[in-house]
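The same chain A turns up in both complexes below, where it pairs with chain B and then with chain C.
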Partner chain A sequence: MFDVSIEGIQTLGLLIPALPLAGAISCALLGCFHFGKWAPVAAGSGVLGGFMTALAVALSVSHAHEPITGTYGTWFSIGNDAVGWEFRIDALAGAMTAMVTFISLWIVIFSAGYMHDDPGEGRYFALVSLFVAAMAVLILAGNLFVLFLGWEGVGVCSYLLVGYWYAKPEAAAAARKAFLVTRLGDIALLGAMILLGCHLGTLNLAYEKVFSSPLDPQVVFFSLVLLLIGAVGKSAQFPLHVWLPDAMEGPTPVSALIHAATMVTAGVYLLARFFPGMTGTSMDVPRLEAVASVQDIAGGLGAATAFLAAVMAVGQWDLKRVLAYSTLSQLGYMFMALAVSGDVRDEHTPLEVSSMAAFAAIFHLLTHAFFKALLFLSSGSVMHAMGHVIDMRKFSGLAKILPITHGCFLIGALALAGVPPLSGFFSKDEILIVLYEGGHSDSQRSAYFSILFWIALFTAFLTAYYTFRAYFLTFQGQLKIPREAGDHAHESPAVMTVPLVVLAACALLVGLLLGPTGSLHHFLEGTANWKLHESTFQISQPMILGTVAALTGIGLAWLLFSRRDRLSKPLGALETAAEARLYIDDIYLAVFVRPLATAGRAMGWFDRDLFQPLVELLATIPRMIGGRFRSVQNGLIQFYALAMALGLIVILAMFTVAR
Partner chain B sequence: MLNTANLLILLPLIPLLGAIGCFCLYRQKALAVYLAETLMLVALALGTIVTWDYSRQSPALAAAERGKDQSFTAIDITMGRLAERGPVVSLTLAIDGLNTWLVFLTLVVGTTVVASGSGWTGDKAGPAMGLILLAISLTILAFMSMDMLVFYVFFELTLVPVFLLIGLWGGPDRVLASQRMFLHTLAGGLCTLLGLLTVAGATGSFAWDSLNAHRPGASESAIDPSLIFLLLMAGFIVKTPLVPFHTWQAIAYREAPTPITVFLSAVMAKLGLYGMLRLGVYVLPGEMESVGAPVLGGMAVASIVVGALCAFGARDLKTLLAYSSLSHLGYVVLGIVSLDQAGEQGAIFHMVAHGIVTTGLLLAAGFIEESEGTLERSRLRGLLAKYPVTSGLFVFFSLASVGVPGLSQFVGEFLCLFGFFRSGVASWLGIAAIAGVMSGLFLGAWYTMTLIQVSFSGESGAGSVPVPARPRQLAILGSIAVLVVWMGMAPGLVLETSRPEINKLETRLRSLSAADARHHAVLAGLDRAKPE
Partner chain C sequence: MVSPDLPHFLAVSAVLFSLGLVGFIARRNLIIMFLSVELMVQGVALNFVAFARFRGNLDGQAFVLFLLTIAACEAALALALILAMYRTRSSLDVSLWQDLREEDLEQVTDDEPLPLAPATAPLPQLPLAGIAPAKPEEPNRV
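Presenting the complex of A and B:
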């Protein structure tokens, strides 16, 4: 499509993070000099530039079957081991950066309205732009160190943006929780880097080198487990999922961008690179077995998250939290897809099976980014009108006063539920098919994949149910407006509704354009270390089952919430438990958080009030023995100093005399 | 072109002259402060030129043939013998790969300490500035000494000005704090002196180089070399400090005036680590491997965990930062005991990085203290709303200190850990040590983020107006922030400087008889990293 030389692509690749970074620096400077109201313009131009370059890169690399490596210098080196500023640009990276910068652009525009007149505008837009730059670095990274830079960079931006309203105690607590829980995963990722570095004998952890080096299957297993833990932390999968719902304390556009569309999908992206990459073209059974067992764990965690988060979403009253749990659940879906591994006896090679699984996960990642960003921005528009109230018990029937927001939310909800022909339908279907085919293959894991398939199907039903529960509670029924909204509850200004409409159009069409036409499949064939086999779109059993599950869920929500007592708990005790997040947060608090804090305080006390006095006591023993020299120990600091100085002079004099 | 080596002698000399000047200006408070600031800026400028010049030549020297003198020597005077046929003592001051950036660090920290304000000195600014300049000068002399005994003398002498500064200008418990620090470090230091005399008695010289050539203690001395090693290390363990010899640290850091805490934590703790590196790794590498790895490594792991837990429980900000220092320097010790190229270079890098970041943290805390009047954690609330700039920079330095890549600490911490694992010391120490080290990475973030949540976030209280940072404070913290980003994004210059010296270590390790398998592993690790 685009004919750009390799050098050109390398330069453009560097510009993808560089332009938003320049935007971030400009925003920070504007903020410092009290021109904060111009920050949206600076951020918007930086991100727009990033989007243009990302699009150019995506279009020009799509047909290159070799990834393009750009090395922009050395970060640090030990002996001959150099860790380079290395990017690896291929179709997947192109598609991901294009998606991220596109959504960021509309979210920056939305924020210009949403954050209007906030005193910290400069800081806000600087951090959002910095986030886009870090996310681009994460996606384009050519080695694990550069990946880690982006990985931690997005984490820090997320931390600072969740705690953006730092005067709010909930926001500060949520920011700390987000940082610490993801930190657990980050340490695992660091551990994987150390493990791989020690066994490859080098700090040069370029993907190509990691994938192509012969490694002991045990090392493959443990390094992938560590990478998986990292992904689980970042993508908020069970059991490290607790930070994401709390992170909703940040500004809503941030929830849309970071905690729904982009950063939280980094774990999926990492595994979509590493599972097929580590499988490789080899037919070495122990190695394949090592990779497949890690994929099994990923699938198990994904299934647990998809199901549990969907259950938790059923009982939430906070609109943004419903969406947050649904994000967890959908990310669990992607993890489930990644679980599908091949078998040497299959007609498709293990690499082909893993690649198809990764493709399904990435397809869902892309469509999910559009409709989930849409849903979050719509809920932001609701919040904007409702005076920052987000409890669904306090408002209803908003369809009448927020017509555009209502229409956009409905499109997002239908897409999330997986109703044909919206985007979520096609990508969810792809995941169901991958699981279904895994269940009917000759693989020894086929029974496991079948179980995953049925969990996915049931989760699809729950998804449709809780999404439309939220929809009916918010937009249908009698008009009710909270006091905080005042009497001027109205539709948001154009700067906020235009992004909604654009994203709604994407949520409507992206699936249809990318899925059944095979264009995304064709585009991602160029992804490095992937090998996609031919597949054609056809109506199949999983697709019908998935559609039935979605429609059943919507129907049930309609029955329960469109007419009856709106605040009932139709599911009784289960709903109470779901509202309390299945008590997982409370268990963590009791088992980990509080004991650790107690240990810290006890240690501090022990060190200050017990250990130090004990040392003092030991020190009195020689003092008692040397009682006769007590007169020397007169406690006068000046005397000690004088004695010391004199002693040293004597020593120095000795040398000179001895000479 | 001017030979920068000629400037070298000015680095310790300028602060020393400044100290004398400040003592003479006993009654002229403003003039003494002005003199100290001007001279430190001059010294820093000269130091930057010398460091820059040396660092840029260092990789080239590494490529040149080994054995060639790779250091800049400032002065080389033979002073005499300790006894009639005893070891020679010489006053040799030089910079090489190991100490160049530590000298630079001392100048940076010294300048910021002097420039950060003299409100704490009361009406005795002259003597206080004089003592600080004396401490700076003595520290630089200690870092530059190429003779063990001279190093030891300066190493111990640095204690005197700091002891006086705490004792005369410290908090309510200053006498206890200064005495405790003095007695602890002196006790450790005397053990080191004993060790030094034994080693020198065996080799006939106190110079590092001659010590490198011999293997002391093996045949000549009847005393067990591992005992000599532990004696030598005792002073450094206490100075750094490491658990369980850290009991002087928290109270001393807390009671010292904040600029002195900065100096203690950022620079003087590094003297201990530098001693471990120079004496432990270079003079007794065999013992460092057999005794140092379990003893120092074990203490380092304990320091990492205990320090982090205590930091959480600390009642005031300075104590918290003291424990945080204890915890972070544990990683440097892991790098030192690894005897691995990545570990050693990372250890030196991490010393400098930690010095810079901890200066930023403590100075920001000090600026907050000036306005708040306290650093008690129970009374610090909503600092970000009250002091947006200073607190914002504190948060920035905190992120650096938890090891966010792109900021200075990450590279050092990673390389120390990498060396620790690659050399096999980690697997040798066992799963508990590995768990401790890795959990330390989490615990560090845990107490830092808790501090930010509780003390920095939240409402500022009714009616309070944000206080902007003063231009001087902003300039100091801003320049430190620039250094933090520079060291994180372009660590090459600092990291590469130590390469030639670390390569010498390789030669030295080769010359030792390699008995056990782990030793071979170390050599294999160096082989892989060896330049072609």
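Presenting the complex of A and C:
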């Protein structure tokens, strides 16, 4: 679309993270010199610059079928091996960066209103900008080292932002939990890098090299498993999902930025790069089998997360936590989509099947980013009006006083539930179709994919149910306002409602514009290592089933919550268990945290009460010997002089005798 | 007349050094102790000169030049310190300064301490440079 030279694209690609980084630095400086109220302007212009360049890059790479590699110098070198600052710019990276910077831009604008008059404004906006820069580095990275830099960068920014109100013990604990749990995944990612580096015999872990090198199927399997664990940590999938709901302690725009649109999608992005890439074009059956078995694991974890998180969301009373669990659930969807693998017997090549699966995951990632950011920001607007109360039992009927927020939340909720023709419908549908087709292929795994399909369908029903449960509890019924809101409960200022409206428009239209028109499909065809086969939009069985599931869920929520006793638990014990997060956190506490704490206390006892006295016993010996001679130091100059003179005489005498 | 030989010089310098050492150890008056130290230094200096003379090179002489310079500096410092110490305790008795002993030791006290200096009027304080000294009140003129 744009005609920009390769050098031009390389320069623009560098600017995508550089401009938000410059914004971050200026925000930090402004904050230091007490000009914090100007920080939103600096952050906004940095992110806006990032968005403009990302858009230009996305539009100009859309037709280049070769990925554009930009090398901006050497990062470090060991021996003859050098790791470069490598970016790889292709259609997928362009689409992702454009989405991330666009949503971040509106979140920064929303934050300008939400964080108004907060004493730490400079710090907040500096961290948000830095986060955007790190995310851009993660997406644009051309080798695993640069990816790791971005990966850790978003991790540390997320830690700092979740713990932004560090004086609040829950926020500090949540930040620590998020950091430590994602760290488990990060170690696995590092392990994958080490494994690949050892087997390739080089530090040059550019994607292209990893994908095209001949590797032992076992190495392929284990490196992908490690990458999957990394992705599971970052994207908060089943065994490591516990950090995300707690991370809601951060400011709400941070939840929208990190836990909806950007950081948690990093894992999906990584796998969308590596599953088709590792499949490769060659028909090396053991290698295909290795990749496919990792994909099976991903699908299982995704299905478990999608279903369990949806169940947990059903019992939550905290509006933001409902959204957090729905994020987990939707990320589980993306993992399920990524699980679909091909077989050499299929109509399409394995690469084509994996690419279509990755495409479905990325499509859902993009639309999900819009409507989930919208939902989080709407809940932020509710919190703003309700004096930072977010418990849905304490307010209701807010549609009357928050009309704009209500409208935007409703659009977001419909999109999340997957009601046609909103964006969530098309992307969720794409995932259902991929799973459905996987279930009806000749592949050995078709039965497995069918199970995944039915889980996805049931989760779609649950999604619609809990989303509209939250909607009815918050916005419908009798008007009720908590005491904390005071008498000034009112709609948020324009600086907060405009981003809501913009994101609502996107949530309405993005799916329609990108999905059935085939424009995203066409755009992402240029992605390196992907091979998408033609697909046309048509009404199909999974689509109808998905819509029916969504409408049933909404209907059930309407039946249960629009009129009856609002605080009842219509599903009984299930809801009690769901409210307690299916006891998974308690199990972790009992199985990992408590034993570790006990072991720590035992170690402490050993150290303090066993080794310490032993060491002190050793120390008493020199102290006793020293004590004998301490009286020599009596402070009398003449005593010292005499001692010196006598010492001299003794030495001289010794010399004389020795001769 | 016998011209003095090296051992004569060495004997004199040894006597000087020993007198200084004994003086330093036996006397308690800070000024006398300081003078004893000077005596020891001079004994050493005489040693240097004597060796320079009888070995026929100037190395020892050069050392003595340095020694004299340092002795001059040392005298200036030591006398200033002694003055300051005298001002704080009104006495030149070295045994009054035992503060650097081990914490748990008793202070050693003398049976016959040096007599304290008679109380004198406080020394005049000089004003800061550049400020005119306050004039004494003029007697009333009638």
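FYI, the second predicted complex is superposed on the first by the 609 of 659 C-alpha atoms of A that agree within 3 Å, B and C clash if a C-alpha of one lies under 4 Å from a C-alpha of the other, contacts with A are read in each partner's own complex, and residues count from 1 in each chain.
Quick note on the criterion: a contact is a pair of C-beta atoms (placed from the backbone, for glycine too) under 8 Å apart; a residue touches a chain by one contact, two chains touch by 3 or more.
Worth saying up front: this structure is predicted, and the values here are computed from it rather than measured.
Judged by the touch definition given at the top, the superposed model places A:52 against neither chain B nor chain C.
Of the two partner chains placed around the shared chain by superposition, chain B is the only one that A:156 touches, whereas chain C remains out of contact.
Within the superposed three-chain model, A:597 lies in touch with chain B and out of touch with chain C [touch as defined at top].
In the superposed model, B is the one of chain B and chain C that contacts more residues of chain A. By the touch criterion defined above, A:582 reaches neither chain B nor chain C. Contact with neither chain B nor chain C is seen for A:29 once the two complexes are overlaid on the shared chain. Contacts of A:74 after superposition: chain B is touched, whereas chain C is not reached. Once the two complexes are overlaid on chain A, the chain A residues touched by chain B in the first and by chain C in the second are 635, 637-638, 641, 645. Contact residues of chain B toward chain A in the complex are 79-84, 86, 89, 153, 156-157, 159-160, 163-164, 167-168, 175, 178-180, 182-183, 244, 247, 250-251, 306, 309-315, 341-342, 345-346, 382, 384-385, 399, 404-406, 411, 414-415, 417-418, 421-422, 438, 441-442, 445-447, 449-450, 452-453, 456-460, 489, 491-492, 495-496, 499, 525-526, 528-532.
Chain A contributes residues 630-631, 633-638, 641-642, 645 to its touches with chain C in the complex.
By the touch rule above, chain A contacts chain B in their complex via residues 74-81, 145, 148-149, 152-153, 156, 163, 166-167, 169, 171-173, 175-176, 179-180, 183-184, 187, 190-191, 193-195, 197-198, 201-203, 596-597, 599-605, 607-608, 611-612, 615-616, 619, 635, 637-638, 640-641, 644-645, 648, 651-652, 654-656, 658-659. Interface residues of chain C, counted against chain A in their complex, comprise 21, 24-26, 28, 33, 94-95, 97-102, 104-105, 107-108.
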